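Chain naming follows the written order as A, B, C, D, E and F, and within any one chain the residues start at number 1.
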Amino acid sequence: MEIKLTRIGKIAILAALSDESEEETIKADVLAGNNNIRLAVTFISGTRGKINETFTRNILNAAIQNNVIRKTPGQMHAVLHAALEALQGVTPQTTSVSSSVKVKVAICTDGVWLAVAAYGDSAVSPFTNHERCGFGIMHL
Amino acid sequence: MEIKLTRIGKIAILAALSDESEEETIKADVLAGNNNIRLAVTFISGTRGKINETFTRNILNAAIQNNVIRKTPGQMHAVLHAALEALQGVTPQTTSVSSSVKVKVAICTDGVWLAVAAYGDSAVSPFTNHERCGFGIMHL
Amino acid sequence: MEIKLTRIGKIAILAALSDESEEETIKADVLAGNNNIRLAVTFISGTRGKINETFTRNILNAAIQNNVIRKTPGQMHAVLHAALEALQGVTPQTTSVSSSVKVKVAICTDGVWLAVAAYGDSAVSPFTNHERCGFGIMHL
Amino acid sequence: MEIKLTRIGKIAILAALSDESEEETIKADVLAGNNNIRLAVTFISGTRGKINETFTRNILNAAIQNNVIRKTPGQMHAVLHAALEALQGVTPQTTSVSSSVKVKVAICTDGVWLAVAAYGDSAVSPFTNHERCGFGIMHL
Amino acid sequence: MEIKLTRIGKIAILAALSDESEEETIKADVLAGNNNIRLAVTFISGTRGKINETFTRNILNAAIQNNVIRKTPGQMHAVLHAALEALQGVTPQTTSVSSSVKVKVAICTDGVWLAVAAYGDSAVSPFTNHERCGFGIMHL
Amino acid sequence: MEIKLTRIGKIAILAALSDESEEETIKADVLAGNNNIRLAVTFISGTRGKINETFTRNILNAAIQNNVIRKTPGQMHAVLHAALEALQGVTPQTTSVSSSVKVKVAICTDGVWLAVAAYGDSAVSPFTNHERCGFGIMHL
């Protein structure tokens, strides 16, 4: 099915949901839009305990390296807060630190707001593995 | 851009993101899939304080009326828990009860797991309105 | 089955679990123990939204009227904190304010620590009604 | 004092509160009831940080090994969620990872709902050791 | 005792702690600093349930009317987030909606970061009234 | 600017905000007050993950070694609870365990209530470092 790319949150969620070829199409569509929207995509996986240490830093690095943000305190702080909000959606139970998490994360901004979306799988046991989705947004 | 409909969480999120015509396409695709997947869509809006009273009931009603679940305690309980998880994503700050919320909600099941996705807008002030997304999943 | 009355938390939980005649036996056993343990029992019911307003006050009143505590700021504060901890167990989801709650609450102290236990039922829908139990403890 | 064994949550709480000989009586009573109720009991102890890693897995193992549940994704997921809810009651403060926890845990089901109850002690310092109780319930 | 005014968070906390004449001195000191720091002070009181509705709006209004921020979505959003963080410190127990709250709130910015500090009293019962302090910070 | 030392919470916050010479003045003023108020100050720093292990113990030790409390279960428990409340203000996001925290902590009591205040800095990245403040209070 086809979905229109209209707002940064929607774009970030679609990019997080996308497989490899779908991601290329989204990136091309965003570039063709000529509207100052910037998008980066990264993968994060590990145990919940490990993810607590790496999630925000990985997303911050992806945002900087892909020129989604400039390296100012305010813009970096916006990424960290949106990432933490997204992490709460991915792993709402803060207590099961040994569960495994594997998500695709997209960061998208229009220069005013910045959205972080994460989609993937998480499980305490492989038998109970199921989808997860987290989303956060912050002003730049 | 086009995204493949492969798993119930992904389908629920795409349906929540969709506009009216996109929603029709998703529903047709799900039906054509012939794979026992059921999908319902509903709208919920109001102040955060009001949403706290109505969110889970509205989603439960939509799930029952659209035959997404049968009216058994277990299946109804699954919808309520997935809905509460989705609500936490939509309104992570439990304290601002006067903020306004307006979301499209999709409920999707394959008979084993059930997903609830919500996407829309929320704001304390119209000036600070931004996108929100919540997601929950539970075994049937 | 029979359970020994040994510690204030255990006594409070058993009193919260008890039916009317079991409650009388527990109270008689506690009195016969001659060990400075005091116990009060009360019922609390209503919607979750209403319970948020009344739960701590009702338990505080029951503790004072039954001489479980003296009316000092410290002892009253201990009851309030133990009651709030118990409430979180009874209704862990803070968002479903329209769910109905009906619990039996016991307050028990040995003069050093104070325990509050609550046991009963809670449901968003009568079809999904299930047991709930909450427990809190605080120094006097 | 004596308490009647009537519902799975009550049975799980009483089993978690029981000492060794009381536990045998409860198990015999449950078996004699001939009503499809299954019950397992296990012990869990360690620092809070360690418990975060082991609590849900230990309870899942106890439930499977004692035939309280079948090894299906849905039934395993139900145990994990009820266990996480019980853990929140046992250790409501997520931040004190070095506190020690020692609890007896009971898992009980009637084939429709499943309850997990935990009772024991927890302390940051041995001087401040006090009772703890946690309880969770989920549809199977 | 005397404390130096060096950073916006410290200034906001001191202003929230101040009585009327101390507040005048702080405001004069901030103005004399000639360093682009802006400060506003307001009072908020009511039941916890009412505060949940009014806290963020009152602080947003005070920030705008006193020219602490400009009326842009980003700057308004920064105030709302810092205010919500401060509110969590003032009333950490989300469940006791009938407790009364009375706080002095200060909002302070240097044009890069914005701090909100709240100090005052809160009580379920007048007998257990005690001090409260909340603090939040956000990039502008 | 000058602020009057009137209540234990206010004294604790001012001591946490103070630099070395200001701290000496506060301590002298408290002693001169001849009113049974006791005050201790300590520093705590480390990663958030490490702080979760050490925060409450460090504050408990400082309170005992400086005779702010006696070594009874109730008084020690009061310090632990006030410290945990203060920690939540210092690090509201429980998930970013790798962020660094550096705070000055003050513990103050009048023999009836005990307050813990913490003020300092916290950052996931040095670029986004900003002030933090936490506060907790408990009956002795």
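Definition applied: a contact is a pair of C-beta atoms (placed from the backbone, for glycine too) under 8 Å apart; a residue touches a chain by one contact, two chains touch by 3 or more.
It should be emphasised that the depicted structure is a prediction, and the values quoted were computed from it without experimental measurement.
Note: the chain lying farthest from chain C is A, by mean C-alpha position.
When you average the Cα atoms of each chain and compare centres, the chain farthest from chain B turns out to be F. Because chain C and chain D share one sequence, their contact can be compared position by position; here over half of the interface residue numbers appear on both sides. For the pairs A-D and B-D, the count of C-beta pairs in contact is higher at A-D. One finds 36 Å separating the Cα centroids of chain B and chain C.
Note: centroid distance chain B to chain F, computed from Cα atoms, is 44 Å.
Between chain A and chain E the centroid-to-centroid distance comes to 32 Å (mean Cα coordinates, whole Å). Counting partner chains per residue, chain B has residues 73, 77, 88, 94, 113, 128, 130, 139 touching two or more of them.
Of all possible chain pairs, the ones that touch are A-B, A-D, A-E, A-F, B-C, B-D, B-E, C-D, C-E, C-F, D-F, E-F. Of all residues in chain F, only 1-5, 7-10, 13-14, 17-19, 22, 25-26, 29, 85, 88-89, 92, 113, 115, 117, 119, 128, 130-135, 137, 139 touch chain E in the complex they form.
Chain C meets chain E in the complex at residues 52-57, 60, 71-73, 76-77, 80, 84, 87-88, 91, 94. Chain C contributes residues 49, 93-98, 124-125, 127-128, 130 to its touches with chain B in the complex. Considering their complex, residues 73-74, 77-78, 81, 112-113, 138-140 of chain B touch chain D.
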